[in-house]
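What follows is a group of structures, each given as structure tokens.
Both complexes below contain chain A, partnered by chain B and then by chain C.
Right after this comes the complex of A and B.
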């Protein structure tokens, strides 16, 4: 089984929320709440102001806590892609998956059942980009096999180190 | 075998099945979630509490008033409320009747709920809550059948039919008992069973054998229903109030997302 997932680059994200919109438009038939959420956080006061935009959705964890937490076995993992999806016909909307999820990804939909990112299951994986990834003007979201994403993150880090000499960047990448 | 011996044997078997299901599908799940969140705190410094203490307003809104269902549809909320309050009230009065009407009477000769006004009160309340439950279930069943396409993923028709049979057989049991005990001083308080009894008598369906058979059938399906709760969608009776109250109407997820964004700062 291949494990696919998302890579998110906080340095590239500008908080435009295009990913949220693309996700809603593509999954319009089944989505009643936001599956992808962009959190824009700022700390401090000018001129010592720091901010970050984080676009978060289900990370399709290899060992999915939501799947193990579901009392109705409504959450399953796709054997080919590793995508974690909710079977609405089995879900009772108890929100235990939300309690278990480290990313707070599953949301209670308008029909009283849990909803979450399906990894755009209608889009052939590996051939077409996910809706959020496709729309992102900054290429801050990248989807792919976990092994490829790890390689991609190292390339991005190496590239950044060539021009960004801030100590926290260097230390941050050293820690990784 | 005495019918009460049969009933209590069933209770022991069904109770064991219920406890196994509750352990597997409720207790272990919650234990795992607490373990995951504790590990997140220890390893990643997650700031949100492992278990949030639900705000009273959330519990009332989610578990009692069920406002989320009301926001979806008033009709859906009405029938769910009828089922919820009918079921809860019937279960409560049944427990009171079992404890006070059977055990305290048997062991301590406490008569208030057997011969006194307590029996009239309980009979009336049980009939009323049963009627409310049956009304909600019937509305749900009809709606489910008419709007089958739209509701297929939301309501499991087999479960509604099971609870509907449990409730209806309860009324039949009471009616057949009253048909065989027409001088029951509290017959007026069983306002459905009491009115159904003469109808069954006129149809020559009210023999004591029929009463025993229906009593056994009602006891069996009721006990089967309780055993089935943790393995079916009925498990939401237990887990939905817990999950929805602890995740504070979804704001627990927001807390987690903000923690992750904060960690990226």
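Right after this comes the complex of A and C.
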């Protein structure tokens, strides 16, 4: 079994929410609440400010707490992609999955059933990007096999070492 | 067998067909792909063959709604004597407009027609009908409310109206009053800048407020509003003083380095001087100047945050001069003097059929000989007082100055007095509501278009109709064709299908029509340092930091810092009002969009927590914001991103006095608070020269 997931680059995200709308537009027929959400956080007082923008959907966890919590066994994990999805015909909207999820990913939809990111299940993995990833103007979202994403992440870090002139670099902590 | 494209994969999943298009939300016009099934747009994304690739901004992806919006204009309308718009047939509307145009031309001359656009979709047809044939010299974009100063500064310096950015290859980028990561500019540029930063490119942002772009900056300079010119001059002073400019480049390609240097030094535009004005320390100014001068390739650019002040034109002239003296022009990683595709006009109109206007363009007659676009905010004077000459007919093509210009009441008065007013739009904008004739245009999903993209090299976009026009709406070229027939110019507007004129436009492109149609874009070679082979089309043949154009017309050839025309806060009006754009909206067309209205359904006034505490205002309170001219009730947001003493309002909201089931009654229109203040040289609107008071309502 393969496990797919999302790589998210907070340095690239500008909080524009195009990913949220891309998800809504592509999943038009089945989505009634947002499956992907962008949070924009800021700290400090003018002009000493820091902040982060984060676009989060379902993590499609390897050990999915939502799947374990579901009393109706409505949640399953795709054998080929590891995508975690809700079977709408079995779900009764009890929301135990939402309680169990550390990321608040499953949402109670307008139809009274839990809804969540399906990893764009109609889009064949490896051939085409997920909708959020395809639309993201900054390409802050990358989907792929976890092994490949880890490799990608290492390459991004190595890239930095190639131009940073400082002798010692703590990655991710360059700027105050 | 040809390799399966990602287009093919989507079409396979959705049973759709791909029709290339172009985004019509903002003037950057990103190339797109529309996925269509049974005359319905199922999905949209960016054009994978274009620089933006498959990406869209939040407004662009949301704009799929305008292909289905039942609140769009669906048939032509005419205002009756009691001020109500009534349905009218296309034939009646065009016949009446043509008759009135003829009468106005006979009595007052063709110059008394002004035609304005915002999104220049198919605007070539306006030029051919209302320009070449009818003879009006007053066809203009919305520049006066937008990039007027930038364009004039670029023309004076580079003899190019619209430099674009090659972020991908840059090592140092400094942006002045520009927020590309917020409300967006060209999408591919955003991606390229962030990718360049991953490779070590430095970003410096000058903005009183912490914009989306300032969030990402290595150095954010929280400058006092309207003082950017002083900072730019001080950076130039440091570079001149330390002789860290590019001497070889200046010798060969720059006109006026000695005069420029002398001017900076003799006026004492030093970092120390600027520190007192800008609030940025002398040490910081020197550090930024030194880093900029020693890092190549670099680029500096500015936009509305500068243009919105009466100091903006000279600030931008200085910013462009900084690019020039450091040799950062038209090379990899620099501002690029974009080359256009070899596109032709869609129609062939013989010279003898053209009408040559007898009066000068109205901007010149108004006393602004260098104004790149028509100063729309001065039109009321022409209509109401006949000064500098009478204007009797106004055309608005997807342009909404009733919302975007200052001094809304004066604009309304003008619209009541003008003899003929026609708005072509896909929505019932405020300007449409004030117009006598309202003509429904087919949306970008329902029409063709051949245009240049905003990529740095030559790139043609060919958008094609993906679905049938909604209601009785018509593509602009069909509206112009119908009007031309009624005006007696039908012989020049002959085609069976849009493809006939599209072939004429694209005849000189080195690509087959079929390939262009299939991909939707054609991309030429991005050539760098074009001045080496093509020269610089200024009168000196060099990049001018001492402007001979300004000098000839009696203006100061060098940029100065003067606050003579500024409006600064005082005891009665203690806040500077900064007019900004919202990340989630642009113009009229996003205001009835359910996706975007769910994200941000109204605008607000943002003020710093220190000011809010003092005034007893809490987040979400309704406040009364007053300028010396008008007041407005608006929701307050408390924000640490805004400078104390400054309040920030996203403009363009408060849409729909009568329009739109989603837009109706939402937001606050703040433009009545702005007086008609313009830059004395460019005539660009200085929105931020506005002081306000705030109190809890």
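Just so it is clear, the second predicted complex is superposed on the first by the 160 of 176 C-alpha atoms of A that agree within 3 Å, B and C clash if a C-alpha of one lies under 4 Å from a C-alpha of the other, contacts with A are read in each partner's own complex, and residues count from 1 in each chain.
As a working rule, a contact is a pair of C-beta atoms (placed from the backbone, for glycine too) under 8 Å apart; a residue touches a chain by one contact, two chains touch by 3 or more.
Values in this document were obtained by computation on a predicted structure and should not be read as measured data.
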item	value
Partner chain(s) touched by A:99 [first = chain B, second = chain C, both, neither]	first
Chain B versus chain C as contact partner of A:45, first or second or both or neither	second
Residues of chain A contacting chain B in one complex and chain C in the other	51, 53
In the complex, chain A residues that touch chain C	11-12, 14-18, 20-22, 24-26, 28, 42, 44-47, 49, 51, 53, 122-124, 127-129, 134-139, 156, 159-160, 163-164, 175
Chain B residues touching chain A - in the complex, by the definition given at the top	25-26, 29-30, 32-33, 36-37, 40, 44, 46, 68-69, 72, 152-154, 230, 233, 235-236, 239-240, 242-244, 246-247, 250, 252-258, 260-262, 264-265
Residues of chain C defined as touching chain A within the complex	4, 6, 9-10, 13, 42-46, 52, 54-58, 60-62, 64, 181-182, 184, 187, 190-191, 194, 197-200, 210, 212, 215-216, 218, 220, 222, 583-584, 595-596, 599, 608-610, 640-644
Contact footprint of chain B on chain A as seen in their complex	10, 37, 39-41, 43, 50-54, 56, 65, 68-72, 88-90, 92-96, 98-108, 110-113
